[in-house]
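Notes for the one structure printed next.
Every chain is named by a letter (A, B, C, D, E and F) in the order it is written, and numbering of its residues begins at 1.
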Amino acid sequence: MSDALQKGRDLLAEMNPGLEAALASRYDATIPDMAETLVEWAYGRQYAREGLDLRTRQLCTVAALTAMGGQTGPQLKVNIEHALAAGANEREVLEVIWQMAIYGGMPAAINGLNAAIEVFDRAA
Amino acid sequence: MSDALQKGRDLLAEMNPGLEAALASRYDATIPDMAETLVEWAYGRQYAREGLDLRTRQLCTVAALTAMGGQTGPQLKVNIEHALAAGANEREVLEVIWQMAIYGGMPAAINGLNAAIEVFDRAA
Amino acid sequence: MSDALQKGRDLLAEMNPGLEAALASRYDATIPDMAETLVEWAYGRQYAREGLDLRTRQLCTVAALTAMGGQTGPQLKVNIEHALAAGANEREVLEVIWQMAIYGGMPAAINGLNAAIEVFDRAA
Amino acid sequence: MSDALQKGRDLLAEMNPGLEAALASRYDATIPDMAETLVEWAYGRQYAREGLDLRTRQLCTVAALTAMGGQTGPQLKVNIEHALAAGANEREVLEVIWQMAIYGGMPAAINGLNAAIEVFDRAA
Amino acid sequence: MSDALQKGRDLLAEMNPGLEAALASRYDATIPDMAETLVEWAYGRQYAREGLDLRTRQLCTVAALTAMGGQTGPQLKVNIEHALAAGANEREVLEVIWQMAIYGGMPAAINGLNAAIEVFDRAA
Amino acid sequence: MSDALQKGRDLLAEMNPGLEAALASRYDATIPDMAETLVEWAYGRQYAREGLDLRTRQLCTVAALTAMGGQTGPQLKVNIEHALAAGANEREVLEVIWQMAIYGGMPAAINGLNAAIEVFDRAA
């Protein structure tokens, strides 16, 4: 196992323990190694890096997915959950999303707020 | 003057004191009130909000502009400078940009790294 | 109240009288001042400007939301209604959307046509 | 009838014989000549060109729609079907989609995989 | 020659008489029929349609290209010229572009303003 | 060294032997492991996969980068070179790019053609 894969798994053990198995069960039969690749690349090679704390990393991801528009809705919701798990509070998540109206436009920001409200309601 | 415009001006007095005058001199003759509108909306109504610190706000902007792609190059550079002014260090800016390879793709991240290196070199 | 906020409210009183209250009731508890900010910025600072008639402004918004793609579907539908309220007819709305196939691509145009047909059917 | 329209119809007679009639019945009453225009432009002037085989053309379309993001979901599904009709196999379609994670980002690739799995399940 | 190609040529004879020849000389040796296809599709099948006046069509194009971002800079400039040729004035072009800050974000609108100022300066 | 990193290096040894060193020299001092990560992820985990030949993979990348728009210009040029290195001819590259007018719009396709012509001229 590569170092990066191990680091990714270690990080997910805290943040979202079932993610790799869920990906593997849905995708690996048709697209071999998909789950392992995603964990190695996104978590091992990126989120596990030094130089920036995980809470800020996750808020930046929420910002980017909001600004890129609603087509990434499912991933925005997962990353809102990850931002909360990394120590951000709900207000901070909403502030990041609303600020994106300057860059991604008003529709993208409103779609992002709706995604966040849905995540918070589900968790309540 | 609206409260929001005042708040925006107060914030820019610290972050980028010449911005409103520069915008006014370039745009207001042809598109009246452009500078004032931008300060009121982007700085007064958004960056001056409570609920999230300015450093995180600026890193989130860097994230979004990177992920949206290189067409926002000039604005990305301005906001990298704002992120440094708000207390982020160069490594944090680079980490945010590189992480965007997961969401905006590898070309967007590389273009973002190039923009940051240019800003840092200019400042050096 | 800022001038821009007042202008935005005056404009919405004709175009979509319930919009600010609907936004406030959905968003303001979690993201304070969201509704007021949107009215001030989008309607007071933009749609209420002189120099271009409201019907053309709304058709241009329909064009942009279509070309940017279907992730802005809910906002595209609201702005199709606003375009009709500003004096455009259904054929003009469809022509604008279909023309966007040149710029946003065929899928974006077809998704836009579907959104328009849905709005017109609902109104019928 | 233009040569291009004829070429487009000839090509669709093999790939998707009902497409022009389906488009005409849904759109032509409100946006005259829409179906004919699409067939002439997209199939007659593009897919019927020489210089590249149809299977590669369709895989390239799957790549682009995936990378552009989930807002083109319905069109992505139609073009996955067209790629299979042009001789690509399911694995090739999935490989193209997954590779787009490098360019359009991980969320776009995952949304694309989900679209493909839906098409394959429906066909099974 | 198809009807659509003839209509496209008739329209360009008024708006931009050298366009087809310029495209043909640059592209047709390597990508046969490129110029003819563009004229037939974009001008004959779209801009020459009834149901909406050319001035509004061109302003809608300016709106869309602005909102889609600066990667379409060269085409934005050509279409600003076409909008002026179709009877729009400079102020109307700028208003359309500035309004796009609501939908495509502030950087896209500012890049659009810069493109317009460049076109107007060149013409002066 | 991970298997994926080795596979990526083996592939690049044929396609673009200097790429990793060039990336390392430009980026690794400021963003540690950038070059290694890119080779492992993009080449080892993606282009080196089985299930689709490299020529088709590279043409699909050209398609996606064209449709996503000109902000990825530098990467589009590199991948046009990779497509030629993988066995595609110039005409095939141009056909893929031009076809993208259907999906990414006419401006994106024209910008793509210009990028390809520049690559071919440089090589001539």
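General observations
Note that in this section contacts are C-beta pairs under 8 Å (C-beta built on N, C-alpha and C of every residue); 3 or more make two chains touch, one makes a residue touch a chain.
In this text the structure is predicted, and so the values were computed from the model without any measurement.
Counted as hops between touching chains, the shortest connection from chain D to chain E is 1.
Listed by label, the chains that touch chain C and also chain F are A, B, D, E.
Both copies, chain C and chain D, contribute mostly unmatched positions to the interface they share, with under half of the numbers common to the two. Superposition angle, chain E onto chain F, using Cα atoms only: 120 degrees, a multiple of 5 between 0 and 180. Centroid to centroid, with C-alpha atoms defining each point, chain A and chain E lie 39 Å apart. Averaged C-alpha coordinates give centres for chain B and chain E that are 30 Å from one another. If you average the CA atoms of chain A and of chain F, the two centres end up 27 Å from each other. Across the assembly, chain C contributes residues 41-42, 65, 67-72, 75, 91, 94-95, 98, 102-107 that each touch 2 or more other chains. If each chain is drawn as a node and touching chains are joined, the picture has every node linked to every other. By the touch criterion given at the top, residues 27, 30-31, 34, 38, 42, 65, 68-75 of chain A touch chain D in their complex.
Per the touch definition, chain A reaches chain C in the complex via residues 69-71, 90-91, 94-95, 98, 105-108, 110-111, 113, 117, 120. Per the touch definition, chain C reaches chain B in the complex via residues 2-5, 33, 37, 40-41, 45.
Those residues of chain A whose C-beta lies close enough to touch chain E in the complex are 67, 102-107. On chain E, the positions that touch chain C within their shared complex are 41-42, 46-47, 49, 51-52, 56-57, 59-68, 72, 91-92, 94-96, 98-104.
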